[in-house]
Structures are given as structure tokens and as C-alpha cells.
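In what comes next, chain A is part of two complexes: it sits with chain B in the first one and with chain C in the second one.
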Partner chain A sequence: MRSFNAGDLLYLLLAARWTVLLSLIAFAGGGLVGLIIALMRVAQARAARWFAIGFIRVFQGTPLLLQLFLVFFGGDLIGVPLGAWLSVILGLSLNAGAFLGEIWRGSIQAVPNGQIEAARALGLHYGHRMLRVVAPQALRTAIPPTVGFLVNLIKSTSLAAIIGFVELTRAGQQLNNATFRPFLIFGLVASVYFVMCWPLTIAASRLERRLALAYQR
Partner chain B sequence: MNYIFHFGDMWNARGEFVEGALMTLRLSGLAMVASLVIAILGALARTSGPKPLRMLVAAYVEIIRNTPFLVQIFMIFFGLPTVGIRLDANEGALIALILNGSAYTIEIVRAGIENISHGQIEGALALGLHRLQTFRLVVLPQALRIIVPPLGSQFILLMLNSSVCSAISADELTSAALDVQGRTFRAFEAFIVAAAIYFALSLLFSTAFATIERLAFGKRISR
Partner chain C sequence: MRIWSLVAVLALALGLASATPGKAQTVDEIISRGSINIGVLVDLPPYGILDAQQEPDGYDIEVAKLLGKYLGVKVNLVQLTSPNRIPFLVTNKVDLIVATLGVTPERAKQVLFSIPYSAIENVIFGPKDKAIKSISDLKGLRVGVPRGTVQDVILTSTLGNDVKMARFDDDPSTYQALLTGQVDAIAETGLTGDEFYAKNPGPGIERKFILLQQPNGITMRKDQWNLHQWVNTFVYFVKNNGELNTIHEKWFHKPLPNLPTF
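Coming up: the complex of A and B.
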């Protein structure tokens, strides 16, 4: 056993970079999956809608940790060993896609139907309708809950530690094994997460309040 | 893909899965009840307590909600023994689930309390209702309508979140799957079975809660 020193603090902060990077990549991946799921969820074709509903139900109805395990071992099983880094990215993206898809479905459906009918009457095809008419209006209601979800995503990346990927939480575990100062080390780890998440939490609730005010008028 | 699925080993291990699932239910049920009790006190303190207490509860909620559950578990399970509080994995998991769940439940209960406008209470008192009658007939039915639906979702989230307790080897469902996996080397099958059990449980509870809401409040409130 050795004592905790400045080098260890640096080690934690450097490991936090991986948490940030993982969150950003998972958000990009989850955004892509979420967009597809949201569009399928509001599509005309029944099969697309059912697939999207099933996807959302399964990913929201099972623990994220098991989803990560299944991706990790599922890759091996089909002969494509993914490794910790890729499995965590893939698993988090699929999971985030389900949650973002459900959030964005709500925003799309909040756009009055008359708008879409008018766009169709004007002869705009699907792409233009979605991009020029629905998206700008849906974006307003989508942003606050999306920012709120980012907090969940950042916290979720800590589960990568269980798979064995060295990010902030895993780095904390390693240091705790060496120094055995759990309150100090996990307190520091928690503080770093807090510094990342709290501004987003505040931003989300401010945006939400502003949106609510805009709708009152 | 030339992998052959073997669920025979999973069937042989059915006892472990059932015990794990029961422990998951026990942990999440106990944690839900305890965090509801804490949340009612916490929400009252947060809305009508003295200022330092209000700030303390607010800080607690923000700290818990902005840090990962896994880090909270580690802090409790590895931290408490260093100050002389010895606990086994299940006790550590339960404490962590209660502390984590309380923060979210406080916010749910607070939203219910704050939603009732003061005018309604004044109106009820002006109509000659006693304080108790006002609470029972005016405040409570409206507050419950707002509080109960998200409590159902919170329970399901808590149950799914409890899988993280396998990180400290609490005897719940995910740990059971990890044990079976370690013994049979059938990782995918073990995790699929566990995931299916979680999925069935969350479907069961969301249907049950929806039914309770419909019976108690009539038409289901859209969220």
C-alpha cells in the first residue's frame, strides 16, 4: 500500500479524457441510431413502426450493463471480436439511440399535423418535408430533453469500467486498489463527473423553463 | 456464423437464475419502499423546511443525480468499512440503491406537492373544510395523480439499475448470470436469459402499474 500523490490526481484527470471522448462518440452514434428510430417510429409503414417500438421497448426494458455484456460477447460469437472499446461504443450507441429515438419521436409528433399536410399539399417530398418543415419546429422541443439525456449518457459511460475499459471510474478503482483511500479517490472521481454533468443539468432545466414560457404566450 | 447455442446448461442453472431474480426483486422492492419514506420527508423538508435544510436536501439531490451509480456503490461498499461499518455485498447494494433512489424520488414527490396551487387550499379552507379535510379531499387526490405514475417508472428504472450491483458481487440476477457464465463458459446464453428475465419483469410491472393507475384514477394520464 502506498499513499495518494499528485501523480495519481493527474492520472485520474487524464482518464477523464476517455470518459469525455466515450460520451461524445456514444452521443454521435446514439444520435444517428436515434434519428433512424424516431423516423421509423413515425413512419407510414407499419413494419417500420413496429420495429422501432420493439427496439425502444427492449433497450429501455433491460439493464444497460447486460446490453454491454451481450454486445461484447455477441461480437466474439459471430466471429468479430470487438474488444472493450468498440463494444462499449456500440452498446452505448444502441442504448442511447433507443432513448433519443423516443425523445425525438415526441418532438416530431408535437409538430401540428396541419403543417405536414400543408407541406404535402405544396408538393414537398418526404426529405424536404422532414428537413424544412418538421425539423426546425421539432428541434425547439427536442433540445431540452436531449441535453438532459446527455447527463445520463455521461454517467452510463462509467459502466465501461466493468467491461475493463480504463476510463475515469476504472482509473479510480485501480488507484483505490493501490492506495486504499476509497472516500478520497471515489470522492474525487465523483467530483469530476459532477463537474461534467451539473452544468448540463442546469442548462437542461433552464432551456425547459424557457420553452414552457414560450408556449404559455 | 457457426456457433451452436446451448441452452441446456441454462436450464440446469434455472435455480440460480430464479434466486438471482428474487434477490433483484427483494433489493429493488426494499429500496423503493425505503426511498419513498425518505423522499416524503425529504420533499417536505425541501419545500417547507428551514432554509439550511432546504439547501441541504437540494445539494443531496444534485450530487446523487449528477454522479454515476457505480461510483456511489464503490464509495459505500469500499468506503464505509474504512470507518468501521462492516457490510456484506447485499447490504452495500441495498444502501446504495436507497441513497440513489431517494434523490430521484424526492424530486417526484416534490413535483406533486408543488403542483397544487395555494389558491385551492385557501379556497377549501374558505369553504369551511378543516385542515385535515383539505389535505384528504383536495391536496392528496391531486398530488397522488401526479406522483404515482412516475413512481412506477422509477421502480422499473431502479430494478434495471440494480444490475450494476453485480460489480460488488451482490447476489442478484446479473451476478447469477456472471456465475453461470464463469462455470459453463456460455456467456451469450447466460446474459440473454438474464436480459429476458429483466425484460419480462419490467413488462410485468409496467402493465401492473398501468392497471393500478387506471383503476385508481380512471383514464390513464398521458405523460
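Coming up: the complex of A and C.
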């Protein structure tokens, strides 16, 4: 049992880099997967819709911890070792993609049908219809739930500890096991998470206000 | 938390499913590679901790380094956690683990144990004013344990519903719970408990009785017979020449206990 030192504080802050990096991976990968899933979910083709629904059910209905576990260790079982990085990219992207896909599907469907019909009547193609007519309107309704989910996602990256990443939470646990100062260490860990999440929330509400202004008459 | 039992089940399934890997690893292969990947815990004082420079240290880590020295190869320490140590081993992500893994027939269905290289002393701690002398005195009390440990299994199987188990994520939380009175007693590692309660006297907590002495083995995959034989020889040798005892004295301040072999 040793005392908490300045090096430990640095260790925590360095571990927070992993949390940031894992979060960025989850944002980017999840955003890409989520966009595809949302578009499939509102597509005309029945097969695409069913695939998207199945995908969402599976990834929303099982814990992220187990998804990471299965991707990382399961790959070895079937003879395709993925390694920690590929596993974490896959696991986080697929999971976040399922949630973001469903959030964005709702936002897309919240755009009044008349808008799409009008765009069609004007002869706009699918791409233009989605990009110029639907997306700008869906964006407004999508921001609050998206940010809420992303803030949660930052905290969920702690689950990557199961496949060997020593990120913020795991580093805190390790130090607590050496120093037995839970209130100090987990207090620090919580503050670092807060510093990461708070600016995101603020930026989101700013963006929301700006977009709301654009639609005021 | 049910999710951890799910992970445990998955880990078990993994161990059984990977029973037929390609080629068994031999000592010669490790030597010609020039390095060995050893899985260790860094969150179980004094077996594995992060030292003041945030480097892995502790009894297990010194044993792992000694093993590397005798094998004549470089040691890469891989930091594992209690739930993922067996999955890392059986999926070839480490060559062996020195991670205070208790030798049990259940685990031996998935992995191969060396002869014991350490023992963990499990003690019941409780407040001075509570008379707890044997396991039956724990009936009706709230007893804290770290989840999924040997003491968790023993108390649950012997006392069943007569005891209210409080399962914590790790050791510090378990010690803390007794200090703050959330539980009536805890089952924990003796030495660390002594140190912790000497530092944080609180309401006057003392050792009640020794629950068990659990011998731990260095752990390998089921097909690593060649390596297993070498590791057994290594443990036997350093037990006899006193090197293991020196490490034990350093971390536990007492000589190596009697470690039965098999």
C-alpha cells in the first residue's frame, strides 16, 4: 500500500488520452454505420429495412461489454484474430451505429411527408432530396438525442478494459488498488470525465439555438 | 451484476471451444523467439500492483521476471484483469499467466496448472465487538467479498441463503465497505487487510479467523505440455534454492508457506 503521488495523476491524465481516442473512434465509426442504418431503415426496399431492423435489435438488445468480448476473443476461435484495435473499432462502431441509426431514423421520419412529396414533385433525385430537403430539417431534431447518446458513449468506452485497454476508469481502478484512496481517485476520474462531457453539452445547446434561429420567422 | 456471470460463462465456453488449437507451443519456440508474453494482474496487492512509477510490480511480477531470467528470454508483461485472464490465455494472446489463479478442478478443465508457486491466505475480518469464530457464526450477517473470488464461491456454497452476500468489484471497495459499516464482515486477503485496517483504524476491525489457504499455480493452455514441464521444474528449483522465499519475504514479510505439489 503506497501513497498517491504526482506521477499517478499524470498516469490518469495519460490514460484519459485513450478515452478520448476511443470516443473519437466510436463517434466516427458509429456515425458512418448509423448513417447507413438510418438510410436503410427508411428505404423503399423491404430487404434493406428488415436488415436494418435486425441489426438494431441485435446491437441494442445485447450489452456492449459482451459485444466487445465476442468480437475480440471470438475472432480467434474462428481463426481470424482481429487484434485489440480492430476489435474495438468494430465493436464500438457497430454498437454506436445501431443507436445513432435509430435516433436518426426518427429524425428523418419527423420531417413532414409533404416536404418529401414536394421535393419529388420538383423532380429532385434521392440524393438531393435527402441532402437538401430532409437532412437540414432532420438535423434540428437529431441534435439533442445524438449529443445525449455521445456523452453516454464517452463513458461507455471504459468497457474496452475487457480487451486490454487501460483507459481512464481502468487506470483509476489500478491506482486505487495500489493506494486504497477511492474517494480521491474516483473523484479525480469523475472530474476528468466531466471535463470531457461538459463542453460537448454546451456546444450542442449553442448549435441547437443557432439552428432554431434559422427557422424563426 | 449479472453481466459478469455472463462473461464468466462465455470465458468458460471459450476455454472449452478452443480445446483443439493448431500446434502446441514448445519451450524451444519461445527461446528462439527470444521473448515470452506473460499475463499478470496489477490490481491485486501485494501480488500485482502499480508501483510509485506506475510500473507493474509485486510478487507475481517478480516471479514472472525470474521465470524469464531462467528461460533466458525477454519478458513482456501483459496487464490482465480477473475476468479476462483465462480468455487471453486460451486465445494465444499470452504464452502463460502468473496471476494468482487458484488451482481448482473446475479451472483445470480449461487450463493447465503448474505446481503451486504461491498461496493466498483468506481471512474473515470484522468489528471487535462482534463474536465471529467460525464460518457458522456468519449466518444472518452481511458479508462482503470481491465478486467471483474463491471466498465468494466458498461462502455461497457452504452457507447458501443463510448469509447475505455483498459482492464488490474489487478489493479496495470490499475493505472500504467494512470500514463504513455497509457489511458486518468481509472475506479478504489477510496481509492487505492487516495493512489497510492498521492505516484506517475506524471502528476497531480485527482478524476473526482464517477461511482458507489457497495455493496458486502458473497457468498454461491445455496443450502446452512441453512448457508445463519446464515451468514445473522452474518452480521446484526456485523453491529449493530459496529465490522464491526471498521474493515472498519481500512482499509478505514472512517465509514461503508450505506449498503442496501434485
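Couple of notes before you dig in:
One rule holds for everything that comes next: the second predicted complex is superposed on the first by the 193 of 217 C-alpha atoms of A that agree within 3 Å, B and C clash if a C-alpha of one lies under 4 Å from a C-alpha of the other, contacts with A are read in each partner's own complex, and residues count from 1 in each chain.
Going forward, a residue touches a chain if its C-beta (ideal position, glycine included) is under 8 Å from a C-beta of that chain, and two chains touch if they have at least 3 such contacts.
What you see is a predicted model, and the numbers here were worked out from it, not measured in a lab.
On the superposed chain A, the positions of chain B and chain C overlap enough to count as a clash. Using the contact criterion defined above for the overlaid structures, shared-chain residue A:F194 touches chain B, although it does not reach chain C. Of the two partner chains, both chain B and chain C are touched by A:L66.
In the superposition on chain A, contact is made by A:K155 with chain B only, not with chain C.
Touch counts on chain A: comparing chain C and chain B, the chain ahead is B.
In the superposition on chain A, contact of A:Q137 is made with neither chain B nor chain C. When the two complexes are overlaid on their common chain A, residue A:G164 makes contact with chain C while staying clear of chain B. Contacts of A:N5 after superposition: chain C is touched, whereas chain B is not reached. By the touch criterion stated above, A:Q174 is placed in contact with chain C alone, chain B being left untouched.
Once the two complexes are laid over each other on the shared chain, residue contacts for A:V58 go to chain B alone; chain C is not touched. Once the two structures sit on top of each other via chain A, chain B runs into chain C at 9-17, and not at any other stretch of 9-17, 27-35, 63-71 or 207-215. Looking at chain A, you'll find residues 63, 65-66, 69-70, 73, 76-77, 161-162, 173, 176, 180, 182 touch chain B in one structure and chain C in the other. Taken together, the chain A residues at the contact with chain B in this complex read 57-58, 61-67, 69-70, 73-74, 76-79, 151, 155-156, 158-159, 161-162, 169, 172-173, 176, 180, 182-183, 186-187, 189-190, 193-194, 197-198, 201.
Here chain C touches chain A in the complex through residues 3, 6-7, 10, 14, 17-18, 42-45, 49-54, 78-81, 83-84, 87-88, 91-93, 169-173, 175-176, 192, 195-196, 199, going by the rule given at the top.
The residues of chain B lying in touch with chain A in their complex are 1, 3, 62-63, 65-72, 74-75, 78-79, 82, 156, 160-161, 163-164, 166-167, 174, 177, 187-188, 191-192, 194-195, 198-199, 202-203. Listed in rising order, the residues of chain A touching chain C in the complex are 1-2, 5, 7-8, 11, 63, 65-66, 69-70, 73, 76-77, 81, 161-164, 166, 170, 173-178, 180, 182.
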